[in-house]
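Heads up, the next two complexes both have chain A, just with different partners, chain B and then chain C.
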Partner chain A sequence: MEALLQLAIFFTLLALGYLFGRRAESKHYKSIREREEQLRYLVVLNQRFPPPDMLSHRTDMVTGNVVISVDYFKTVVAGLRNLVGGNLNSYESLLDRARREAILRMQEQAALRGAEAVINLKFETSRIAGNSAKGIGSVEVLAYGTALTHPDK
Partner chain B sequence: MSLPDGNPRIPEGINARNDHPLREFLILAAGISGALVALVLVLGLTAKLIAPYIPFSWELSAAPSMQDLLAGDDADPGAARALSALSNSLLQSSLKVPVNGKDPKDVAPPEHFRFSLVKLDYPNAFATLGAQIAVTEALLQHVSSENGLAMVLAHEIAHVQLRHPIEAAGRGIVVQIALAALLGDSSANLLGGSLSTGSMLTLLSFNRDMELQADRRALDILRAHYGHVGGADEFFLDMAADPHSADWLEFAQTHPSSKRRLQLIRQAIREDGPGDATVALPEALQPNQPLQ
Partner chain C sequence: MLISNIEVIPNMRVVRHLGLVQGSTVRAKHAGKDIMAGFKNIFGGELGAYTELLQESRDEAVARMSEQARAIGANAVINVRFSTSAIAAGASEILAYGTAVEVAETGR
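The block that comes next holds the complex of A and B.
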């Protein structure tokens, strides 16, 4: 009886994780694509030096930071994947979303300053370990770079 | 060098594939559960193979005490003594019947057998690790002669001599340990109970083949003891007389294929021909209140 109850809890969590996680992910991707389209004009590069014609631009650091939690379904799939190895597809999409969201937030900051471009883009990724004991962890992605703003602005 | 016009459109599905997540989950779950089932099967089969080679002394040291496991008041000491006496004389007779070509003394030394009468109100008998055999008081009301009770006792003695408890416990333990190691401790809970609890060991479940093997050996023991197998079907007949009773349902749960077993016993009785008269139950074991 107790085992049945535990199984029921497990499958409920799995179903909740799947339904909400899937919904959140597709909504997030949709919003990411829309905003990427809007901010496409604000060029982001990872080169370290400004182009010669922008040498007199103002430089500011801009950052974009995001924390996303993994859902139960993804953890279970990853747990199963752990046994046999291979691509962790479920986490790949999570990190993909996090990185793109971080860039977008950084671009938004830069756009507020009226920047023309962001150079020297860098990423930091870290795990938030506080709740990882239960197998559910969250990931933090920080994107930062140097915004180039025209000196007249 | 000047800036590009805008950021490039990066095609989707390269960094994170667009596969449906359920697909991956189903493939993984099916593959891994298939592998686990295969593993459990292999472990189960090997447990059966190695069980007879596990020294009896290991079994003794691993066995929890039956008294601790079966919560029940002490039964009438006179009846318990009479039961022990009958059991021990059956045990002596069982030594004349070889176990798969081996001397029963070597398989399970008779001095380690412990018989007890427990005060539980449903008719049943158990054999568990460490050659511990228990009969419930209620069972006595379902047999009318010593031969009927002897069949039950011989059946449990046969389980021990055939090493069924270690086989059943070994299978459970091996499988649980393996699954716990693979999937983490939570799986052991999912499968019901941790290793440390004794519940699993008291109600070791013997499978159909084990029950039939034990019945065959029990009949041989009865033949060696009484010279015939008359009265061996008493307990089953009495229990099965009311197939809807709670007692019978309870018994059938812990003892699979009861019908098939009754057939086997009755066939043995037919083949042996009408035996000599059955022996009356020792007075101390006769139920105080006759069956209604």
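The block that comes next holds the complex of A and C.
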């Protein structure tokens, strides 16, 4: 009886994770794509020196960070994948979302200053343990760079 | 105080190098937020409280770094880098480090 109850809890969590997790992911991807389209004009580069035509621009450091949590379904799928090896698709999309979101937030901050470009982009990824000892609980991604603003702005 | 993560700042010239400066902070969220995060691990999605926490601690680390730079007479910190590590469950250390310099306008 007890085993049955545990099994029921497991499947409920799995279903909840699947439903809510998928909905959250598709909603997030939609918003990411929309905002990326809007901020397309703001170039983000990872080169260290400003482009030649922006040599007299003002510089400001801009950052954007986001913490995204996995859902239960992803954790279970990744756990199964660990047995056979291969690509962990469920985590790949998680990190992809986090990274794009972090860049977007950084771009939004730069856009507020009226910047034209962001150079020397760096990423920093860390795992937040939280209270889940197993698997990756949640990931934090930080994107930071230098925003170049026209001196007259 | 000018904070930048590039080495060469447009319109500025480095007059004096003052060496490495750093600032760090270790923070944890209270247990209630940790429990909420535990629930989020089932449903997925963004952890707003943690995003905020880490942003605050990063600002704190940068503030400590610039404090250190000011104390040795710098007016800018260039080539700033961030580093994060989880040192215990629910706590993370954030480090900001860079080169303290004195810059002057080139007057172009």
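Following the convention adopted for this analysis, the second predicted complex is superposed on the first by the 150 of 153 C-alpha atoms of A that agree within 3 Å, B and C clash if a C-alpha of one lies under 4 Å from a C-alpha of the other, contacts with A are read in each partner's own complex, and residues count from 1 in each chain.
Quick note on the criterion: contacts are C-beta pairs under 8 Å (C-beta built on N, C-alpha and C of every residue); 3 or more make two chains touch, one makes a residue touch a chain.
Keep in mind that this is a model prediction, so the values were computed, not measured.
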Fit-or-clash call for chain B and chain C when the two complexes are aligned on chain A: fit
Which superposed partner A:3 touches (first chain B, second chain C, both, neither): first
Partner chain in contact with A:109 - chain B first, chain C second, else both or neither: neither
Superposition-derived comparison: chain B or chain C, residues of chain A touched: C
Chain B versus chain C as contact partner of A:90, first or second or both or neither: first
Partner chain in contact with A:44 - chain B first, chain C second, else both or neither: first
Partner chain in contact with A:144 - chain B first, chain C second, else both or neither: second
First, second, both or neither for A:80, with chain B first and chain C second: first
Where chain B and chain C come nearest after superposition, their Cα distance in Å: 14
Chain B and chain C footprints on chain A, overlapping residues: 54, 74
Residue ranges of chain C in contact with chain A within the complex: 2-11, 34-35, 37-38, 40-48, 50-51, 54-55, 58, 80-86, 88-90, 92, 108
Residues of chain B defined as touching chain A within the complex: 1-7, 9, 15-17, 19, 21-22, 24-25, 28-29, 31-32, 182, 189-192
Touching residues (chain side chain A, partner chain B) in the complex: 2-3, 6-7, 10, 18, 22, 36, 39-45, 51-54, 73-74, 76-77, 80-81, 83-84, 87, 89-90, 92-93, 95-97, 116-117
Chain C partner contacts - residues on chain A that touch it in the complex: 13, 16-17, 20-21, 24-25, 28, 48-50, 54-61, 63, 65-72, 74-75, 101, 119-120, 122, 124, 126-133, 137-138, 140, 142, 144-146, 148
